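The two complexes that follow have subunit A in common; it is paired with subunit B in the first and with subunit C in the second.
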Partner chain A sequence: MSTSTIHDIGYRHYDGRRNGRAYVIRSLYVHNLRAAFGLGRPVRAKIMPFVLAALMLLPAAGSVAAFAFTKQEDALIPYAAYANLMQVIVAIFLATQAPVLASREVRFHVVPLYFSRPVGHLDFVLAKGAAMATALLALLAVPVTVLYVGGLVAKAPDSSQQLLDYLGGLVGCVLYALVLAAIGMVVAAFTPRRGFGVAAVIAAYMVPTAVATAVQGIAEAQTNFTLQGWMGLLAPFNLVDIVQVRLLGAETSSPGIAPGVTGGLVALALCAVIVLGSIAVLYRRFRKAGLS
Partner chain B sequence: MPIIATQGLTMRFPRVTALDDLSVAVEPGVVGLVGANGAGKSTLIKILLGLMPPTSGTATVLGLDIARDGLRIRESVGFMPEYECLPPDVSATEFVVHMARMCGLPPSAARERAADTLRHVGLYEERYRPIGGYSTGMRQRVKLAQALVHDPKLVFLDEPTNGLDPAGRDEMLDLIRRIGAEFGISVLVTSHLLGELERVCDHVVIIDGGKLLRSQAVEAYTAASGVLTVEVEEGRDDLGRRLHEQGVSVHPEGRFLVVDIAGETTYDLIRDGVADLGLRLIRMEQRRHHIEEVFQTAPQAPSGPHAAGTVPQGVSR
Partner chain C sequence: MNSTIAMMTFRSMLGRKRALLLLGLPLIMLVLAVVLRATGNNDLDVSSDILQQFGLATLLPLLALIAGTGVIGPEIDDGQIMYVLTKPIPREVIVLTKLVVAIILVTAFAVVPTLLAGLVLIGTTTGVTPAFTVGVLVGGVAYSAVFVALGVASRNAATIGLLYALVWESLLGRFAPGAKSASIQQWSLSVTDALTDASPVVSTVRLAVAISLLVVVTLVATFLATFRLRTLTVASAD
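Now for the complex of A and B:
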């Protein structure tokens, strides 16, 4: 005869392994990366990121299809131009998802729970920033990879040059991801309410871009191409494109490109300042939030 | 070894002094930290967690120095804040697992501990639903679970009964007692309600305006006050008169007689009096001091009669 009983085994102490700092950072990174795509959240948190990711893929798929049929090389979108071409979608993704990572835990006062555990302030910021950048990289690099693989399958000519361009494009994607994540996270971290956060990130993308474009237009009309090029530093996408064109040998896809290798180096330095500056700002922001 | 010891701990903010030369040491067990709102309770916890450096003074938690070993302290303590600290869009399970991993627990251990801990605090099927739909009582349980999930040696519970209805309050206090007694985890629990803490604590520390008012075992606050409440069915006055004639200090209060205990003989006198008069004794109960009286600073404050359970809980000053 078999009888089953439920035993209340009472409280059990945990004397198993406790992993160190690397594990905590990795867990935090994975948690935030999942959050960026709404994984582990209700369905409505997944809609936006996945719809945007799908939209990002459409032109790449269409471009490959067009090339396969027409065999015309200019049907393939250049790898380095893809982010610039799709910048509105990328900006919307950043605006909707950066608040999820940067301000959600501030708004709901979850941050002190991390810092009352063995989680360092800098580790916390780096894990969050890296997660946002990775999410953006996935958003950008997947369609670029689709373009490359599609081109290979459809037998685009000059495969070694294609590979070089593709790798250069990927480096560009990494740079886009880092710069955009830095800007989006900082703006979102200071606008705790989600709706405002979305609007603020969009504004942080659109206002400088609009200003830069306007000035570039005027400069172009006055044939001041140098000014037109340097103004490109103001707009986030144009800024990274300057690095791509001047240092990675890509074709331009922006209204203005700062001249020479100097222009590229200045743009790269500016990217570094944005990324490092955002880490410093976020560090202070979360440190303060950890005490509230 | 004391679990918490502070020496001359002072915390000054630009406008207020939150802690003023606080020196106190407490032994393992359930320790209550009592004070009015703004007395410095939360500030003390933040300093003990190593989140904020004090203006001056030193402290140790579990024998570790707060200034040098903050990280190691945070590995072995849990913290349940006073305020809402839960994201609404994840389930309790997901959240508590994540918090366990933040303490370094490997994935499978984190899941197992989260399930166990949520069960211990009394969350069952609802733990798979998003926290946004929880009642205050359930949220408090999740907050408690995240503080316990990594099996700390000491937990800081900041106002755990805040916002709970009387039944929820009783359940929470019961849980706190179990954490100390069954789980073997030391507890520092804050409250501004003194009456609550005497039910669960071994030791109570009272601070006011950042200064130490008193720190002693709870028995010392609630030691037999030497007052007995006697209830008889009829003939209350007869019994009272008889006891008075025998030199016992006694006075009527409502349907009861309140008798000062002079020694063991007082009990015998009451027993004999009831028996000799042929009265029906309904109850005879020893009344205890309540910790509230600590705050009744008036020197003539009588020790007993009107301090019974009807006194509103809280700081009345």
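Now for the complex of A and C:
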């Protein structure tokens, strides 16, 4: 870092220890992660994330309770199917909180204030993306963990298989969190106006899902199961479920699953493209945001 | 009605890139309709299913949410509403103007596309297309009124609206029949059902009940929005 400036009016420079890049990323990450749940903000900002998190927990708790009383194994929701089952709540959480992370600074034109300090453009975007993904992961993984622990306490049979399924489910949750955060952050970063960001993110989830469901329904009626499977790539939740089923050995919980290991690999590649593309787009977006 | 407020609201809703979002959603439905027709998948079952699942259950709530909360929510949030409220304009005129703008937007971006998609898919056979157009229109009026009222009442209007439209109407409607009869979507479907004799369209709510509930909900929401706007506390944005 160069120490000379145009307006060097003779103040002493800081030559002490600098905390460095890792510290910058960590600070931004923690700040954004707290913002994702409204921590450090007024109660008004906390209501929605915590209401949605509570809604996410309800079916898991109910399922464990039902299993404990009836001892019927199918009362326990499969770990890998949980995100798919609750996809509406997850999507609403993403739609509510992605604009908080991605569009607030753009709206108030304060992004240049970050970059007037030693904050790299890429670090800024990575910290924000990671914070959103972590928030989603917490939203998804906590109920799955409740299911697993509840199953253990209520003595679900075949505990080694349960552990494997649980770990597979967690990997699926990570993938869901990354893909959804990538989509949500990009859409929110381009719709800074209040309220519009929420609607735009939910539209980015609902419309592809509705198209995929419609075409899958028609394909199923015509017994064209190959098309039905491949159309699953269009809908975000179905896309990750294809990876879960084909590469992680989960039971399917989506209307269509692309065939074979190829399907799984294509879906995984598509997930990677979404995540990397999102980082690239956000990088370009935040470099320019607020300068005009 | 106040034409100046209406013009300002239109400009804020359609200005710059925002119109693209509003235009993009119906465009996807039209493209889907054209593709389905080109591939010959446009029999009565498929067509009414598309109109119902896509037009009535996806496009309509989404656009009504964008329009309804968008016409008034941002203004309240950034405090600009004060410039309107301090003019000698009755509050009900402000609310009514905003509501009319929202309804016009919903008509332009949800009702007309539904009509076009229906015409592309099956034309006017068995009256499915006009029936859905009317259904989406009455649903749009009720949704707009509810979402404008939400926009006045709460800062989390968009999220609450989504919870209602997606969780209450769609998710709970599937499991709990009680939630199903208390939903604008089902009431609109009931109107649609009454206007067409096509068998794929089935509603669970009786027509008389549906129409009276639609009217009551619209009126109550408009009244509540006016009432709430009278005692609005303007706080800083988040």
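Here is the rule we go by: the second predicted complex is superposed on the first by the 272 of 292 C-alpha atoms of A that agree within 3 Å, B and C clash if a C-alpha of one lies under 4 Å from a C-alpha of the other, contacts with A are read in each partner's own complex, and residues count from 1 in each chain.
Convention: a residue touches a chain if its C-beta (ideal position, glycine included) is under 8 Å from a C-beta of that chain, and two chains touch if they have at least 3 such contacts.
As the structure is a prediction and not an experimental result, all values here were calculated from the model.
Legend: residue contacts after superposition of the two complexes on their common chain; A:Ala45 is shown touching both subunit B and subunit C. Legend: residue contacts after superposition of the two complexes on their common chain; A:Tyr11 is shown touching subunit B, with no touch to subunit C. In the superposition on chain A, A:Thr96 makes contact with subunit C only, not with subunit B. Contacts of A:Val88 after superposition on the shared chain: subunit C is touched, whereas subunit B is not.
Of the two partner chains, subunit C is the only one touched by A:Ala199; subunit B is not.
Within the superposed three-chain model, A:Ser27 lies in touch with subunit B and out of touch with subunit C [touch as defined at top].
In the overlay built on the shared chain, the residue A:His109 is in contact with subunit B alone; subunit C does not reach it. By the touch criterion defined above, A:Asn19 reaches subunit B but does not reach subunit C.
Applying the stated touch rule to the two superposed structures, the overlap between the subunit B and subunit C interfaces on subunit A comprises residues 41-42, 45, 104. Across the interface of their complex, subunit A is touched by residues 17-18, 21, 25, 28, 32, 36, 41, 46, 49-50, 53-54, 58, 62, 65-66, 69-70, 73-74, 77-78, 151, 155-159, 162-163, 166-167, 170-171, 237-238 of subunit C. Subunit A meets subunit C in the complex at residues 41-42, 44-45, 47-48, 55, 88-89, 91-92, 95-96, 104, 190-191, 193-196, 198-200, 202-203, 206-207, 210-211, 213-215, 217-218, 221. The part of subunit A that touches subunit B in the complex is made up of residues 10-14, 16-20, 23-24, 27-28, 31, 40-42, 45, 104-105, 108-110, 112-120, 290-291.
Against subunit A, in their complex, subunit B makes its touches with residues 46, 49, 51-52, 71, 74-75, 77, 79, 81, 83-90, 94, 98-99, 101-106, 109, 113, 116, 120, 130, 146, 150-151, 178, 182-184.
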